[in-house]
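Shared between the two complexes below is chain A, which pairs with chain B and chain C, respectively.
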Partner chain A sequence: MNNPRQITTLRAAAVISSTIIGVGILSFPRYMTEAGNSSAPLVAFCGVLFSFISYWLLASLCQRFPQETLFVFSRRLIGRPLAAIFTVVIMLLFIVLTGLTVRQFGDVATTVLYKKTPIEATIFLMLLISLLSSRRNVVKFSYIHFFYLPLIVGSILVTILLSLKNVDMLNLQPVLMAPSLQFWKGAQEATYLFQSSFVIVLLIPFMEKPGHAVRAGAWAIFLSGAIYVLIVIASVGIFGAEETKLLIYPTLEMARSAAFGEGFLERLDAIFIIIWVISVYTTIYTTYYISAYLLHKLLRFRDQRMASTVLLPVMFILAMLPSNVFESYRWALHLGNAGMMLMFGYPLLLWTVYLLRRHKEKVTS
Partner chain B sequence: MKIQLPRTLALLLLLTIAAPLLSGCWDQVEIEDRALVLGLSIDKIPADDTQKEDRVTHIHDNSLPTEMISVTAQIAVPGRVPLGPGTGGSAGEGKTSPVWVVSVRGISLDDAMNNLQQQIADPRYLVHLRIIIISEEIARGSLAELNDYLRRNPEIRRRTWLLVSEGRASAFMDVNPPLQRVPTLYILSMMEKSVSSGKFPRDYIGTFWSADSRWGQSAYLPYVALRNKDNILIAGLAYFSGGRMAGKTAPIEIGGFMAMQGMDPGGYSTLLRTRELGIVMTKTNERFTRTRSYIKDGKPYLSYEIFLEGDLDEHYSSDIPVNSPQKLHEIERDFEQQIQTVLTGLVKQTQQDHSDIFGMGELIRSHHPAYWRKHIHGKNDWESLYSSVGVDIRLTLHIRRVGLKHD
Partner chain C sequence: MQDWKDKYASYIDKQQSSSTEQKPASGSRLTGELKTDLPELQARLGENGDLVVRDFLLFGAYPAAMLFFSSLVNMEQVREHVLKPLMAPPPGQSEVPEDTGGMIHYIWSTAVQVTQGTTTADLSALPQAAVKGDLILLIDGIPEALRMEMRQIEMRGVEQPQTEQVIRGPREGYVEKLENNLSLLRYRLQSTDFRIEISPLGERTQSRVALCYIDSVTDSSLVAEVMRRISLIHTDGILDAGYIEQFIEDQPLSPFPQVQSTERPDKTVAALLEGRVAILVDGSPFALIVPALFNQFFETVDDYTERFIMGSLIRIIRLIALACSLFFPALYVSVISYNPELLPTDFAVAISGGRAGVPFPAVLEVLIMEVSMEVLREATIRLPQMIGGALSIVGVLVIGQAAVGAGLASPITVVIVALTTIGSFATPAYNAAIALRMLRFPLILLAGMFGLYGVMIGTILILNHLLYLESFGVPYMSPYIPGKWRDLKDTLVRVPLWWMRRRPSFLHVRDTDRLPRSVPTAEIDQILRQGDETDE
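Presenting the complex of A and B:
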């Protein structure tokens, strides 16, 4: 237990992918179809590529400082005050992200599962579980993700495979489309789901081989990316582009109409929803953990346990703020937009400073 | 100890908060307390019927549509729905019906469902709804309202069957078939079995919606009719144009439609008069279709190559024996000619009604995207263009077996 470097590359990859697969899985095909009609899978694929580029930018920088997290070495690169400001902004981003994610979870649960259960109860319980598990250290955090990932990936794949036999290939053609403004917007929206891959920043100091951070992320992003693309293929293939746009949760609708054998085993949506709740939990757990960790670093608490308790009411209030479904989706899109600029711009800034400084060092020596 | 105390207190407080949240089951409703709706039928109320509505969802109906619908629901009576095949003892107590048939009226389906709820004690649940039957009158009006409510309602599944009935739909809620004790379950198993025996395409409400949303395809639904009060006949396809029912086909044309789409297994037999061998019946077992689309002189053209495999089922006037490959080829040739005219007739009929149930537009959309983007800007565009599409059908039948009789 004395060795802090306990997270293997595989486990780091598991953390990232189970984080990425989350609440967005239900409505993702709709966003992609609005951008690309029958070319939706291509839009999603481009989104995955962009997410990887953005991740690479971040992780390859962090790899150069294997002993520290981003928040520590950024102080040396751009100075304490500026680094603190960026850290605060990132923390706020993840706090709001947690709030909105848990709200979207609550909306789905109330619409589909528990019509009479107050949304406050579902949201509060989800946050409470995340709070309790956020009190653990990073190694246990990675074990929890590693435990759940096979469950999430396995059952989603089974649902997709069962649905694939109803796919009409005509719905997926034409596969290519001319890259228009809409196309890029869709690809950009796809990257929002991958923003939580930022969690690698916390993992690197605890990884057995910090040099494998990019590799872990590559595995994770392409695994979860493949799942997202498959989901888009399945739901556009089954429903057709126009119908997918009409459905608020196309993936759920796909699970609802999936059947194993002819009426032998129907209503797989119950299992799907249970698994989906777990995947939402792993996502919220990560964003919660990042927020708590950042707060503890900022306020110099002994560990993040106190910080995670403080955050619970804040997140709960944030989750209750949107007044309806459309508003919470719009806010989530705006947040994704802001997040994208931050997640792309900040590493870029750090990279530039890092390269400039190294250049200067070389010149002086 | 002193540090421990507040921690223990905090933990206790947390547990007391968590206990009611975790144990509370807000949505628990015992199955006996649910009114499970198994089937629904929707009719239009005749204009001369001026009975007032119950005013459950509204007070003034001046600004609301004046046309009303009548909804008949089959509700499962708890404990009376048999779970397995009935034994000798339970057959005697057949007087107690396993379902309760309730009829209500309303301006929209949702309004009618609320009126229904006002009349029955238990909360209604649509989770087990498997069959919705609408009358032809409703189908010929706009289905937009029904589709909206059914799509929005999370209890409705896309594997529900939506049927269009000849005459009043509520008559189907009263049928009492001897094969199943629950009428809607009988209709359900009838539809499911007709799918597995190749009598009807797998056309759930979800399939109908997807086709309805697609720009390059028009939707269709099963058209059913009652015969002898208790028998249900699949009487054809009710095809739609612009969201309204535009016409219906003959039952044999379902087979023709499935042949055009290459849907397996084949399930229709054809009775035809051959030139030399008298009247014969052939049974189709397998269908395979190759489709090509091309643009010629700025107009879309489609060619269908249909390959059927079948058996000789009956030789009606057997003066001349069918005992050689040549004779079988003669039957095949005559079949091909005659069915080709049937298929061309079906295409002509749907073209006149602007209803592309074959999804030819989808072929054009996916294979000629440039043409599609230039000419089609909505579902209407395709449905009006569809009537001028050139369709070329070639049919090949292979008779493989003749049964147990040699000549």
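Presenting the complex of A and C:
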């Protein structure tokens, strides 16, 4: 009954994909078309591939240490001080990421849905429910993601299907474009959305089959990647590349265009926003959870409650720092860049050290 | 008989003397002298109107006395089966042996006609035995007492359960007496593996608590955990199964019940067969079933006795009703006050026309109506049925017609409130329905403050709480979480009985199969799987 290894591969995959599908879906088609015009789906697809490579680097390394998290075995590989520095950097990254994500969410909620509600209240409520749920253990954490994922995926797919009838195939051509610098930059921006797949690091010590970590991630990234690509196809197909670039939230416009049954519900966009609240929540929950977990390990708190409570004001202040939508968007891009370097660089460093050490052991024996 | 004035005087005397007097040491033994033992025993039992002490000559020769409570024992049976043979001359030809063991054995084997009894030499155990309903026989010169179980209590007959009515299914419900309830279980579950463990609980009431499970099915660690939690209960009285529930539940602060209580023996047996544990208490017509999951609170016996398609459909309707009772008013408030564009234009115009004369914002209007509906509901439950009917008519008139006429509420609000209330009555488990009904008030407030976003936040909070809850180590939202395909056969839909060949895995049962695997599948199952080959 009290077996600690309770997280199945399916559930791990659910955690990762519900984490990935988040605040970005609303504006994602815009910056994909900015990078690749009508071949935006291809840009998104390349982004998915890149992020899977990055994920593979991390997860395949962690698989070799099925009993421990990254933060524990990194101490053995590169020494205590260096590992601690990297852990602090990762924690800061996730704290800022949480703050900016919740800010982006607040921006959408105030501009689209509730023009009179103060953004502080929206953000605070969201942080509060993340705080309350971050006090639970990892198994409960995975339950929550597993339960919400069908709701998120199902409703997004229904919206896409309903809007597909408006798609004009001409808008999607030409599919292929000569890859330029901008193309690759767009693909790189797409990978920012997938950075939270880092959460697998926390899950591995609790997985039933830690050896399936890469497989879980592959499913998850494929599923959420497919949804992102579909969203891009749908919105570019409906509005055309040039129009999509002008819309701040193309996905939302897409949902607006999809009427559901004559006269039953006038507009779907509010419903869509509501479901989107869940998907944002699962994303913020994960980043919040990672931050709280790291703080709790770093400061050796007795349990995670204290750590998650301490983080709330920090994240709230961070979320209030950007003065407007454009600033928060720019900051998010910078953070994405930094995150990508860390997510590629750190596992690469660990891999090198790991391979060198193994080589040395083989030579000595 | 003394009158109350004398009683009062002697009581005051005794109170004053007993404060100086030392209590007799417990564990004292019988002396064998009737003259000392009997007053000692009477003193320990105190002054009681229903305590009967009867002196007589055993077999016409030996001085003896018996002692019992007339309220617990049938006097006629005592006279017929105990007093009559004991006062008659010794039966049989043989001499009455006069040593301790011989005398007791002689009485037990030839004279009294009682099914159960024991002997004891411990004086301090006797008062408790008498209070339990035993008849105590003391014989002069014998330092042992004979306890005979003569307990007989008048009980109401087995009736149809009041709180869980069914269309199709057994009509029997539990009564207050434990023996009756256990026999209702035993005759449904004639298995040698069925175990009933009985022990008293409660420092003063000493109520007998029975723990039932099927040995070869139920997870032994679950049984051990239930026993552990019951053993930790320290209280002076257990008057109902509900008392135990509050001591053993996982999360006392949660609004959701984590222990299922039922009046139906058939429901209890079904739970036992799934590998759960049932707890019954003497004096309570309710059995507790653990672990209890969220899913169980909208399942009824009808789902299983009716054919599976109907059962499943009705279950889905019940779930819709449950969701209605929780979300409807909150959704209404948020759509009206924040997102009227969601509604079709004609409908929105109609609603705002209805609300034209109402002086309050939508939140306040809905809250007032919901609270008055709750008051009405609570009032009708407590009233006798004749008055209750009249009250509900008045209430319906006030809340429905008059409130709209007076401009307190709009007609659509009345419709919403009515749907909510009816929806909450469609939830079979009363305690779960109350939890959901109470949770809708914070949801309405959130809706009033933040619109749909607030409702969503509230929903996430409630769902997260449900996902976090556990009942005796089993996640409350099982089988949706942790999610196993084969456990989903009995959730939103109920698949045919012949398809449910295995027990729910989340209960960690010892025997996972309801039927041995060698038992062939039902004929219909074979046809569905392989096609009908016999006709060709």
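The working rule: the second predicted complex is superposed on the first by the 358 of 365 C-alpha atoms of A that agree within 3 Å, B and C clash if a C-alpha of one lies under 4 Å from a C-alpha of the other, contacts with A are read in each partner's own complex, and residues count from 1 in each chain.
Note that contacts are C-beta pairs under 8 Å (C-beta built on N, C-alpha and C of every residue); 3 or more make two chains touch, one makes a residue touch a chain.
What you see is a predicted model, and the numbers here were worked out from it, not measured in a lab.
Once the two complexes are overlaid on the shared chain, A:Tyr281 sits against chain C while remaining clear of chain B. Contacts of A:Ser308 after superposition: neither chain B nor chain C is touched. Of the two partner chains, neither chain B nor chain C is touched by A:Ser224.
When the two structures are aligned on the shared chain, A:Gln173 is found in touch with chain B, with no touch to chain C. When the two complexes are overlaid on their common chain A, residue A:Ser27 makes contact with neither chain B nor chain C.
Once the two complexes are laid over each other on the shared chain, residue contacts for A:Ala270 go to chain C alone; chain B is not touched.
Contact with both chain B and chain C is seen for A:Ala121 once the two complexes are overlaid on the shared chain. Once the two complexes are laid over each other on the shared chain, residue contacts for A:Tyr143 go to chain C alone; chain B is not touched. In the superposition on chain A, the residues of chain A contacted by chain B and by chain C overlap at 113-114, 117, 121, 125, 263, 266-267. Across the complex, chain A meets chain B through its residues 38, 111-118, 121, 124-125, 128, 170-171, 173-174, 238-240, 242-243, 245-247, 253, 256-257, 259, 262-263, 266-267. Within the complex, the chain C residues that touch chain A are 219, 221, 338-339, 341-346, 450-457, 460-461, 463-464, 467-468, 473, 475, 477, 480-483, 508. For chain A in complex with chain C, the residues that touch the partner chain are 1-2, 6, 8, 10-11, 109, 113-114, 117, 121-122, 125-126, 129, 132-133, 136, 140, 143-144, 146-148, 263-267, 270-271, 273-274, 277-278, 281. Of all residues in chain B, only 18, 21-22, 24, 26-27, 151, 154, 157-159, 192, 196, 204, 206, 209-210, 213-215, 359, 362-363, 365-367, 369 touch chain A in the complex they form.
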